[in-house]
Amino acid sequence: MEELLKVNDISVVFGGLRAVSNFSMTINKGELIGLIGPNGAGKTTAFNMITGVYTPTEGEIIFNGTKTSGKKSYQVTQLGMARTFQNIRLFSELSVIDNVKVAYNMHVKYGLVEAIGRFGRYFDEEDKITEMAMDLLKIFHLEDKADELAKNLPYGEQRRLEIARALATGPKLLLLDEPAAGMNPQETKELMELIRWIREKFDLAILLIEHDMGLVMGVCERIYVLEYGLCIANGTPDEIKHNKRVIEAYLGEEVL
Amino acid sequence: MNILRKSDLKRIVACAILFAAVQGLLFAEIIGPFWELNIVLICINIILAVSLNLINGYTGQFSIGHAGFLAVGAYTGAIMTVKLGFPFEVALVVGTVAAGFLGFLIGLPTLRLNGDYLAIATLGLGEIIRICILNIDYVGGASGLMGIPRFTTFAWVFWIMIFVIFFIKNFKNSSYGRCCLAIRENEIAADTMGIDTTKYKVMAFTLGAAFAGTAGVLFSHYFYIAHPASFTFMRSFDILTMVVLGGLGSMTGSITGAVLLTFISAYLAEYPEWRMIIYSATMIVLMLHRPQGLFGNKELSMKMFGLGGGKDGRTAESK
Amino acid sequence: MDMGSLLHQFLQQLINGISLGSIYALIALGYTMIYGILKLINFAHGDIYMLGAYFGFVATTMLGFSFVPAIIFAMVGAAIAGIIIERIAYRPMRNAPRIAILITAIGVSFLLEYGMMLIATPQPRTFPAVFAADVYHFGPLVVNSQQIVILVSAIILMAILTYIVQYTKIGKAMRAVSFDTDAARLMGINIDRVISATFALGSALAAAGGVLVGIYYNSIDPLMGMVPGIKAFVAAVLGGIGIIPGAMVGGIILGVVEAMVSGFISSTFRDAAAFGILIIILLYKPAGIFGKNVREKV
């Protein structure tokens, strides 16, 4: 299998606190990986390092053959990594379709002069972007709401829009930060299907942070477990379920 | 797509009709010198308001030092024509570029700041520009630069204003504009969309500053003089009031705000002491009761009156 | 200039700078306290200082008060004005976007300035000499009695403020609100009262600064608060906004730098110096001398 993301021994220190310590991880092309751990274990921090929001104090991150640790967040995105946020961050005063259209900015070829003068590639590309954005919205059943403001969508649709927007950047790796947060069991089940389907359809790898054990165990091929900033286990869902340290640290007897 | 081209054409025709009407009234001397002056001032204020709206309203970077760039344009343009004897066209270009370049230099470091801090920094920079001008004897220091020829005509200001409006409108409706709006909405999310936020912020700031410079050249070549007292913080506040009154993020709002406030201050010309009181009281009442301004971030369009046909937005943009 | 006169010039400007700086510090304290609690840059704060100067003017000329009663009169008057402004203009905006609040504050500032112009005319007024102006010579250095009064008054007022903030009930409540407004509310602290008290205290200090400046320069006018107001904000940012000792130190530093610039370079660049400091500090240490950097949680 081809290696897509290689995280080598990364650590980060915030004012004396070692939020994540010597974390390593490998993601192959097309894999669906879970990252779990109790509250405050450093999952989101690890996420933020991978996506370039924080720079690791030690260690390095290689994505698709390029060293990304030290690069800025937008550069990492341009290399083919996209993410969603635990607390949804949409462009709330923009319409649903504009939220998605923003994501195509990296692929726009027309220049400033063409945009201002409205000639050359401007119209063709704008038409193409609108078309692609509409197609994506259809997949997520949001096409009827294309012109509504993002802030007016109900919660579940906002989550879906955030995923659609991330996909529009054309990622090879998609990172989802607690996508099921605040969803009911039925919605979570649909989300599980959606995640599996996205992976097939868009041919990408997915890294998932999740609290909902059912979701993680159900869809992920491999799971990494963090506790107090340390990676205490990794393996298939079955292995994780029976790993003694994980049970002690996180799952607790009652879960099994 | 064809509709869009047509609708742009329609707008330009409408502008030409408006121009012909006003120009005709000027010729026939139905509009006297007092109102002619105010019409020119309206056009200049519209340029200032829409260019500030690009920075504050679209990109969400709170700049309150716009008068500084106005000053740079006014003085640079005047140096070109008065001191160096270049034609007006050159003065316009140089004044615009000089203000834009300064905006770029200032924007690069300061746009890392956010919210209140950026506001204060831009205010400080605006004042520094003014203080520097006060201390340069070459441009007349505290007594101002006098003897500037009146090159600005109604035709010049009007068509430059139309150019700036179309420039900023088309900018907003492109990928560049969407990136700016995304930054305004959520900078962190914009970053994860692959947007180099600094680049776009500096771009908007530079363009806004450059157009303020254009307005400055037009200003000093209409009023015969460039004086440091015309470019104080109060002037910046004037422009800000226009933008906020109309609604931050609304181009038609900025235009309405500029027209409205220029008229108000023309009527209050005889009571200057009341002018600022009314301005500031308006601002406070507006913020307390309608902080989004007259139009919010929406655009005024025919559709708002139920006449169909959107002026901006997706209806016009998509097919 | 030889070394001796250079040193003399330096020390003389240091004295001038410290007395000017202590006035900046008095204004900056109000800025910093209000920012600490409301996260609001109270643009109108400089105009409260102007208001204070006029109250002091009324007290000394029309009411015939001597220095101490006049300054107390001005402080009480400004405190009431501060409370009223907060009640009318800022309280309804508590949950509004930051930009809206900032614009309101700028609006209040202009309203006070031009309102005062309407009432008292734009002409500067001569502030009466409330005590004999003596000049003391320490070797080649010159100190006048106004400078001593300014410094002593500033120190006394800051000592009182420190006592109030550290040891009284309302002071403790202020610190609690500034640290975490929601938690303070849950602890049963009346937020509105704390905010009113903060505005009262901050305005009173600014008013004292206004009276002292009136005595120092013998002249007051409706726009006198504009530039010192912004400079006091610079002082507050310099020391770390929201931090009370920071405002004191920031004010003194700013005063000294300005005095040095006008002494050694040119007095016309004095105002640019303050803004220069502001921009440098914002770019390199936005949290100020005493502040800690906080970044947005992702």
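Things worth noting here:
Order of writing sets the labels: A, B and C. Residues in every chain begin at 1.
The rule is short, and it goes like this: a residue touches a chain if its C-beta (ideal position, glycine included) is under 8 Å from a C-beta of that chain, and two chains touch if they have at least 3 such contacts.
Since this is a predicted model, take the numbers as computed values, not measurements.
Distances from each chain's CA mean to the overall CA mean are smallest for chain B.
When you average the Cα atoms of each chain and compare centres, the chain farthest from subunit C turns out to be A.
Subunit B and subunit C have centres, each the mean of its CA atoms, that are 34 Å apart.
We define each chain's centre as the mean of its Cα atoms; on that basis subunit A and subunit B are separated by 40 Å. Note on chain placement: the centre of subunit A and the centre of subunit C lie 49 Å apart, centres being C-alpha means. Counting partner chains per residue, subunit A shows two or more touched chains at residues 53, 85. Across the assembly, subunit B contributes residues 188 that each touch 2 or more other chains. Annotation for subunit C: residues touching 2 or more other chains are 298. Residues 1, 4-5, 8, 166-167, 170-171, 174-176, 178-179, 181-182, 184-186, 188-197, 249, 297, 314, 317-319 of subunit B are the ones that touch subunit A when the two sit in their complex.
Against subunit B, in their complex, subunit C makes its touches with residues 41, 89, 92-93, 96-104, 106-111, 113-115, 117-118, 122, 226, 230, 233-234, 237, 266, 268-269, 271-272, 274-276, 278-279, 282-283, 286, 296, 298. Residues of subunit A that touch subunit B in their complex: 51, 53, 72-74, 77-78, 82-83, 85, 89-95, 97-98, 101-106, 108, 110, 112, 115-118, 122-123, 126-127, 129-130, 146-147, 165-166, 169.
The residues of subunit B lying in touch with subunit C in their complex are 62, 64, 109-110, 112-113, 115-117, 119-121, 123-125, 127-128, 131-132, 134-135, 188, 233-234, 237, 240, 244, 248, 273-274, 276-277, 279-281, 283-284, 287-288, 291.
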